[in-house]
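Going by the order they are written in, the chains are A, B, C and D; count residues from 1 in each one.
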Amino acid sequence: MELALQIPAYLVLAPFLVGIIRKAKAFLSCRQGPPLRQTYIDLFKLFRRGIVRSRTASWVFDLSAPVILGTSVVLAGATPLFSRAVPLPMHFILYIYLMSLPRFFQTLAGLDTGSAFGGLGSSREATVAAMAEPALLLSLCGVGFLGKSQLLDGMLGGIPPGRIFLRPELILIAGTLFLVLLAENSRIPVDDPATHLELTMIHEAMVLDHSGIDLGMIQLAAALRLTVFSALITGLLFPGSLSLPPVLALPAAALKIALSGLVVGVVESGMARMRLSRIASFLMTATVLAVIALAVRFAR
Amino acid sequence: MNTLTVLLLLLGIHVAVTDRIRPAIRSLALQGILLGFLPLADSAGSSWRAATLCLATVGVKGIAIPAILTRATSRLGIGQEFESLISTKANILTTGALALAAFLACSRFGLSGSDELGAAAGLTLIFSGLLMMTTRVKAVSQVIGFVVLENGIFLFGAASGSEFTLPIELGIFLDLFVAVFLMGILMFKIHRTFTHMDVRKIHTLKD
Amino acid sequence: MPFLFLMPLAAAAVALLARSPGQAALGTVIGASGIVADAVLMASSLPLSGGGDLFRLDELGMYFLFLVAGVHLVCAVYSYGYFRRETERGHLGMSKVRKYHVWINLFVLSMVSVVCAHHLALQWVAVEATTLFSAPLIYLHGDRKGMEAAWKYLLICSVGIAFAFLGIIFLSRAAGDFPLTYTALSAAAGKLDPRFLRLSFLFFLVGYGTKMGLAPMHTWLPDAHSQAPAPASAMLSGVLLNCALLALLRILPAVPGSYASPLLILFGIASIAVPALLIAVQRDIKRLLAFSSIENMGIIVLGIGFGGGARPAALLHVLNHSLAKVLLFLVAGDLVLRYGTQRIQRIHGIFRQAPLSGVLLFGGVLAIAGSPPFGSFWSEFGILAGGISGGRLAASLAYLALLAVIFGSFLMYGSGMVFGDGNPRKLSAPELWCLLPACVLLVSCLWLGLHVPAGLYRLLERLSATVAFS
Amino acid sequence: MGPPVFAFVIALTYLISGAAALWIRSPRLSRIIGFGGGAVASGMGLVAALVRLLQGEPLRIALPAPVPWVASELYVDGLSLFFLAVIFLVGFLSSVYAIGYMRKYDDEGRHREKTAPLLFNLLLLCMAAVVSAGDMLSFLLGWEGMSLTSYFLVVFEHERAESRRAGLIYLIATHIGTGGILLAFLLLVQSTGSFSFHAFAHVPLPDVGTQALAFGFALLGFGTKAGMFPFHIWLPHAHPAAPSPVSALMSGVMIKMGIYGIVRFLFYLLPAPPLAFGAVLAGLGLLSGIFGVLYAIAQHDLKRLLAFHSVENIGIILIGIGSASACEAAGFPGPSRLLLAGGLFHVLNHALFKCLLFMGAGAVLQATHTRNIERMGGLMRGMPLTGIAFLAGSLAISAVPPFNGFASEFAMYRGLWEGAAGGGTLAAILITAMAGLALIGGLAFICFVKVVGTVFLGTPRSAASSGARDPGHAMILPMAGAAFLCAALGVVPFLYRFRDSGNVTVFAALFVTIGILASVRAVSLRRNGKRVYETWGCGFSYATPRMQYTASSFADPILHVFRGVLRPRTKKEERLSGRFLLDLEYETHIGDLFENGLYLPLYRLFLRFAFFARRLHTGYIHLYLGYILGTIVLLLILFR
């Protein structure tokens, strides 16, 4: 029962998270901001539209949106949200590498239209992803050592409950994951999801030629991925939240997601966009954090 | 015996330090003849072997080779000077030094066995012959140097008391003679094709 | 055994009377076959001796005799095609061809004497004779370069050989009452005066080393080998050097290994290193081959110096080097005539213009560079194995590194000449009698690479026992 | 029919068909018989190797020895059989492909094309001999035969100076490698006194020093062949120069012979290698991987790029093998087995997808007549089959699940993780390896997005690219086969060996979800309509192919990140008229750090020595006589 609910819960929470972030950012810049339901409305609208498709694009372009969303859904199926058990138990390596499948299609779709912007976005996206890969891998590897399991659900569920502040490696790993979250989900300071200047775009530049249902799928997928990361980090920081009784579990999950949305919103408001060439240093910092976390783990 | 050796040595040094070709050839011839008498003086008994050797030595070293050399110099109009890469004075000094080194080497290596003087004289001749070959400019003077070197080896061998059977000794003479003969022929040919005998100028074959 | 000496003399006489290149070559070929046949007949009744103490033919001598005779035969056949082409073009007159055949037979006679000599002084006489009889071959063309090469050859080798004579004198001092035959010497090993023995070995090494082309006494070799006509170059490289080697090998049983071995290794490495450098920047194809001869003599001396398992391999390398080097000189001679140049850079695209020559040249290059499936791979390998198992790691490493350098250079020239687009000039038609001997040699190189006969190897092991240090 | 007879029949098929191709007059028939025979023999070999692999016990066949001082034999155990299977599989695919591809040489009338089947078959045979050799000498014979035949294939287009140069570099490198192998083996021979691999394995080496020396030489030797950093420089020269089926064979399996050698040496011949050996190997693997993929990213030459990826994948394999050895030494047999299995599995996988990619590159090359990817584009339209196959290969090489590249890396990661869980020095090594592997994966991803994007997607950048068409069946079928195997091997192993059936469930879920979403999209589009229009050009309405993003621009950000190690040389030329810029030329070039920084300076130094030695040969006889005199004097002083 719970298992069947997980993916729908993610699908529901994903636009909610995006809405929370927007709301938080608006609040911090003293604006009203769009209502929370706006993200749902936008997506709904996009899903009902037809598409305008570039003349030069091939089947790779057509396939990209389903692949992107499909993979995100599968990833959502493997990430514990409100219980230790998940519908799709997944090895953490497969989990990380599965993220490259939608990226492959998304970057290719960016190049497929023959537009300079698409290429620009793809190139940056691929660069950021490559640099984030070691950090992500090492941090999940560390979680695995803590939870004594290689399966994602197992490792999160296996973290012994206790005072989180007494476990620096956990904090370090969560920090690393948060940096990776910012990078992989095109948030400030790596990318600005709200920019309107094509030359500064990363993720948005790739999807410039997507429209209608394709764009809807991609936006949903992006939101889903952000939610998945949030669930991962909050699951790590609040291991207890995964073993709550069913009645409390769902509200707790929503709370966790909202909390991470707030944090992302605060961080985004408080930081400026980095220069592209600095992103590498940013992600290397993340990798080093992960290494330190592992060193701390083994020093025990 | 010792007088003979000293005479040979002096003749060799004369060849090495003189800067004129004719006198050098004459000394060479004399040296050859004296070398021929060396086995006679050595073995005392007049065996037919010693006599043959004497004849061969005198024939080859005292007459034939100097004849070839004289003929070459006169026929080719080579001129009288040796023309050395180093000056005459340097030449004399080096020869002296080499002689000294030869005597030293003989005592160091313990060659004092039968005839230290002979061995040292032989070595001196070998060294000065090599010196001539490496410093003299004209082809003919290199041949003279070679003959001096051979004489030195001969003297050295005689002094060390190495004896071979007659056919071998004769073979050695034949070889020496043919070698000098060939060098003579080559000299003629070189003179004909190059119109000079300056070995310095013959260095087209290089890397 | 007298037959061995008579055959080349007879062939020389025939050549004197010959009226055409064909007749002269036929005489030489018959003379060479006679030697081969005689050698085969004698092979079963070794050792043979003659002339009292003077001559003796043992297994080692026989091995070298076969080399001399075999290479002579191949070159004789080749010389027919080669000189026919030269005379047709007017490079050479009949008198020169006649001269070539006379001298080459006398040259062979002197080499036969080297391998048959028992007394070391007689051997010295024979080695000196090889110099004298081969000098006229070098200036056969009578041009300036030939003259220069012959002059250097004559003088440098004579001086070197004179040193070897000094070695004999010292040896006789060391030997005392023992006769100076190699059998007596190996019997007397250990009873000789060590001081004189050392001096004697030094002078032998420098003396015969000059004749073998060991660096730094090698300087005459590239000049002489590049100026002689191709079959003569092949004989010089393929067998003359081996004869000098044999002369050196003969005294080894008398010399203590602790003294001789480092010296041989030193000269071996030097003789590989100097050509390794010069081969890399070589412009003339025949000089290239000459430097490679120096290198291979270095390899052989190194193998002898390593001792142990390297020694039979070194003796095997004598054979492999001869085959490959003769092959290369023959092919190169043919190409030089057809392309009209000795400059490596001007020869290219052989494979497109003359495929068979291309295959032969490339095969020869691989064979000389020590690549499988050719014989020299095994011998060079054996020397390396012997060096390492003998604990001479540094020398083995240097040896291997230098071989790699030489391999690279050879392949650079080989691929440059064989591959690529052809010359614009049309080449003259291939000459059967030039290519056939080369084909035979390539096949034998290949055969020795794919299968080293057990009998041959056993023979080499026996031989290496006879030349072991005391 | 016993195994020896069968092996003999296979060898004979290779030889006879190759030789027959030389004599057949018709080029077409010559190709079909020569390469076809090779394919048949490879097929037979593949079946035999697989059957034997399932049966088990090793096979020994005595051979006539090439040299009398040693007995020669074939020794075929599981490791050999695995590599045999890889050789025959790729051999089969590329032989079939060659039937179609080599047609382009038919029209030249130079008769060289008839030598290709013989050389090709000989290369396959020699590689088979290398992995089945049971003693050092047969191994060396096979090894050198392989080097030589592949050399001739590299210079197959010998009219081009570039090919000759590549061949030369290759041959010299491989020769130096052979030297290293010789030394390594001979050091073992010195201790064991035998040339047989059995003897090596059973007699312990005297000391760690000798072991380290032998291992170092083995690394030099096998590493050179494998294209391991920093001995990789021959590889990007040689592989592009060869005809594409040969590149496929060389990149696919020939460089794996180096891996075979290392595995044989480290796990079978050395009795108990210390931890450091594995660590060094893994470290070199890491460097190969990172440098290989970085140089690949900087390349615009399609085949050169793929060649650099071979360096990268060799690095990945070495990480697996090295870590396996380290785990073994540290007493973790379980992770060690996983890592070794992962490494070897990657050997097979890389063979498959690299063969596929080279075949695809060959098809592209034939259609567009250029290797420069900046002149391609939009090929997916004209060459859809090649495009799909190439895309599959790209996904596989980028380790995207569910393709086989992922499967092997997955096994390695599992091994690394399980080994690292123990802590200590080993954990430090393995975690570094893991991070490196992840980085390599990310970088390879960039590179293949670049390749597929520039070559197959977008608009054509040249006339030849817009007219490109798929090649004939002989070339398409092997590509399709390889692509199928890439996909199959990405799924099947999880069911069979690694017992990670969870992964298969995920894959199934993935397919179902994507399928559902694609159908939803299709249904929705049918209802809501789809309009085809120009690409959005930011308000600019006349987009031209020149405005497309180029491969160089695509690669620029990541190269910028690594500019410190790549050291790009840039050249910028501006022509101004007054204050107006008329013309701007900007050129950037990334040379191989080791080629330009180590090997070329070494070569120049050597040349300086050589020119010095040349000056010693002045032609003056006086000097020459002086050398003799000097030698005598020196010897008298030194060696009294």
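Quick note on the criterion: a contact is a pair of C-beta atoms (placed from the backbone, for glycine too) under 8 Å apart; a residue touches a chain by one contact, two chains touch by 3 or more.
Only a predicted model underlies this, so the values are computations on that prediction, with no experimental measurement involved.
Graph distance from subunit A to subunit C, where chains that touch are one step apart, equals 2.
The central chain here, found by comparing per-chain C-alpha centres with the mean of all protein C-alpha atoms, is D. When C-beta pairs in contact are tallied for every pair of chains, the largest tally goes to A-D. Distance between chain centres (mean CA atoms), subunit A to subunit D: 36 Å.
Taking each chain's centre as the mean of its C-alpha atoms, subunit B lies 31 Å from subunit C. If you average the Cα atoms of subunit C and of subunit D, the two centres end up 43 Å apart. Chain geometry summary: the mean Cα position of subunit B and that of subunit D are 69 Å apart. Multi-chain contact residues, meaning those touching two or more other chains, occur in subunit B at positions 109, 130, 133, 142, 199, 202-205, 207.
The set of subunit C residues touching two or more other chains comprises 151-152, 155, 159, 199, 222, 278, 281. Across the assembly, subunit D contributes residues 614, 617, 621, 625, 636, 640 that each touch 2 or more other chains.
The list of touching chain pairs reads A-D, B-C, B-D, C-D. Taken together, the subunit D residues at the contact with subunit A in this complex read 377-378, 380-381, 387, 391, 395, 398-401, 406, 409-410, 413-414, 417, 420-421, 423-424, 427, 431, 434-436, 438-439, 441-443, 445-446, 448-450, 452-454, 456-459, 500, 502-503, 505-506, 509-510, 513-514, 516-518, 520-521, 524-525, 527-538, 543, 545, 547-550, 553-558, 560-561. Subunit B makes touch with subunit D in their complex at residues 85, 105, 109, 130, 133-135, 142, 199-200, 202-207. Against subunit C, the residues of subunit D that register as touching in their complex are 64, 66-69, 110, 140-141, 144-145, 148, 155, 158-159, 161, 164, 167-168, 171-172, 175-176, 179, 182-183, 186-187, 189-190, 606-607, 609-614, 617, 621, 624-625, 627-628, 630-632, 635-636, 639-640. On the side of subunit C, the complex with subunit B involves touching residues 51-54, 119, 121-122, 124-125, 128-129, 131-132, 135-136, 139, 142-145, 147-152, 154-155, 158-159, 162, 165-166, 168-170, 172-173, 180, 195, 199, 222-223, 226-227, 278, 281-282, 287.
By the touch rule above, subunit C contacts subunit D in their complex via residues 151-152, 155-156, 159-160, 163, 198-199, 202-203, 205-206, 210, 216-217, 219-220, 222, 259, 263, 274, 277-278, 280-281, 351-352, 366, 371-373, 377-378, 381, 384-385, 388-389, 396-397, 400-401, 403-405, 407-408, 411-412, 415-416, 419-421, 449-454, 457-458.
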